[in-house]
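The same subunit A turns up in both complexes below, where it pairs with subunit B and then with subunit C.
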Partner chain A sequence: MRLDKIVKELGLEVLTERDIEKEVKGVYIGDLLSLVMANASENNLWITIQTHLNIIAVATLVGLSAILIAEGMEVEDETIKKANEVKIPILRSKLSAYELACRLYELGV
Partner chain B sequence: MNEKNFIKLEYEILQNDFTRAGEASSNIKKILKQLGIEAKIVRKVAIATYEAEMNIVIHSYGGMIKVIITEQYVDIYAIDKGPGIKDIELAMKEGYSTAPNHIRELGFGAGMGLPNMKRCSDEFNIESIPNEKTEVYMRIYINKI
Partner chain C sequence: MKELSLHILDLAENSLRAKATKININIFEDTEKDLLIIELEDNGIGMAEDLLRKVENPFVTSRTTRKVGLGIPLMKAAALRCEGDFKISSEIGKGTRVISIFKHSHIDRAPIGDIGQTIISLINANENVEIVYRHSYNGNCFVFDTREIKKILGNVSINEADIMLWIKDYINENVKNLYRNSQ
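Up next, the complex of A and B:
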């Protein structure tokens, strides 16, 4: 499914430049970076509450399609700056990871 | 195959440098992709080098990642100066970690680093001298025989 459609349907906040016209294939949820590295698949949408700079390295290395920050967590400026550089969109929602997963499932992601 | 045909990359890794952490592995990934190496292999190398990089950032006083790419395989050396590993067998166990709490809160210290590195490698070796250094060697074959 297209990321811009997910953003619209779930009312997500886009924290990076609006580079969201890309495909999403599946979802991965996790806050332990080693597990995300080992188990997430390419083009996954990654739901996490981690917000520091290193999430961008993980997303780039795995080839994730975007990072979705749950629970409305604050995201550091340097994380957003780096995300813009490497074109990894950062999205945010006040919902929990579970609620987001349910909504994404209903959407058919 | 011509053994002289290889690419050598070297990256200095600094202690506690979370800002630049992941840059070495990102660069290595980019180069492998440009060389047209299969995505599955690129991913293995990316995970192995990232975990090695983070280990040096978190646990050592600093070190380096050296990568040699040949037509047959990718060799990765992660070498650091630091406290070393007292019990390697224990450190290789999934879930065992000596990372402090403030590091765990950032999502590191899951005790998965070394096991992930081993899983991604076709050949794996780790040697350490406590209070001196740790050296990890990994080989990932590009064309498995």
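Up next, the complex of A and C:
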């Protein structure tokens, strides 16, 4: 499914430059970066509450489509800056990872 | 990572890539002071000041196969998450020292994990590297030194499967005894 459609349907906040015309294939949820590295798949949308610069490194390594920050967590400027540089969108929602997963499931992702 | 032993393995692999011939791994636990300190020291090629300053950034790596290196950033994040601290120092031609400090009782502190497995993975990666593992828990201490094992083994190679399995069990058993004897 298209990322811009997901952003619109779920009312997500886009923290990076609006580079969201891309395809999402499946979702991964996790906050332990090593597990995400091992288990997430390419073009996944990744839901996490981690916000450190390290998440961009993980997303680059795996080739994730975008990062969705749950629970309205504050994201460091350094993280957003690097995300813009490597063109990985960071999205944010006040919902929990579980609620986001349910909404994405209803959408058919 | 789920276990600190995996962070240790990651950092020690940096030491191997830096051509270290000796790696000291020190674990210091003091539940009275609520401290867990993990120290890695190697005699590898070391890093210059400018690389040292950047190395906590995941987008800095000496690897040429990919752009991202997460060994140091993840260990640092793990320590800071536990109200701890992280310090790295290095000198060209002398080696590198990495210290990670954790609040022992912090709810997000990962367990130390299978340290025996970490040590034999390192021996397996390079049997010529000498590893000294020191683990102290509330004053009780266990020391494992590959040079002592090699002395006993004589001409037998340290990375024979049976010996590796023995080393792994020997280390894990002794670490378990540290905890048991301190109760």
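Methods note: the second predicted complex is superposed on the first by the 109 of 109 C-alpha atoms of A that agree within 3 Å, B and C clash if a C-alpha of one lies under 4 Å from a C-alpha of the other, contacts with A are read in each partner's own complex, and residues count from 1 in each chain.
We take it that a contact is a pair of C-beta atoms (placed from the backbone, for glycine too) under 8 Å apart; a residue touches a chain by one contact, two chains touch by 3 or more.
Owing to the predicted nature of the structure, the values given are computational and were not obtained by experimental measurement.
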Field: Combined model on subunit A: subunit C and subunit B, fit or clash
entry: clash
- prompt: Any idea whether subunit B or subunit C touches more of subunit A?
  reply: B
- prompt: Regarding the shared-chain residue A:Asp31, is it in contact with subunit B (first), subunit C (second), both, or neither?
  reply: first
- prompt: A:Cys102 contacts which: subunit B (first), subunit C (second), both, neither?
  reply: neither
Message: With both complexes superposed on chain A, which partner does A:Leu53 reach: first (subunit B), second (subunit C), both or neither?
response: both
- prompt: Between subunit B and subunit C, which residues of subunit A are contacted by each of them?
  reply: 32-35, 37, 52-54, 56-58, 60-61
Field: Footprint of subunit B on subunit A - complex, ascending
entry: 31-35, 37-38, 42, 48, 50, 52-58, 60-62, 78
Query: Residues of subunit C touching subunit A in their complex?
result: 1-2, 6, 57-59, 66-68, 70, 73-74, 77
Parts of subunit A lying in touch with subunit C, wherever the complex brings them together: 32-35, 37, 52-54, 56-58, 60-61, 82
- line: In their shared complex, subunit A is touched by residues of subunit B numbered 18-19, 21-23, 25-26, 29, 39, 43, 46-47, 50-51, 54, 106-108, 110, 112-113, 116, 119
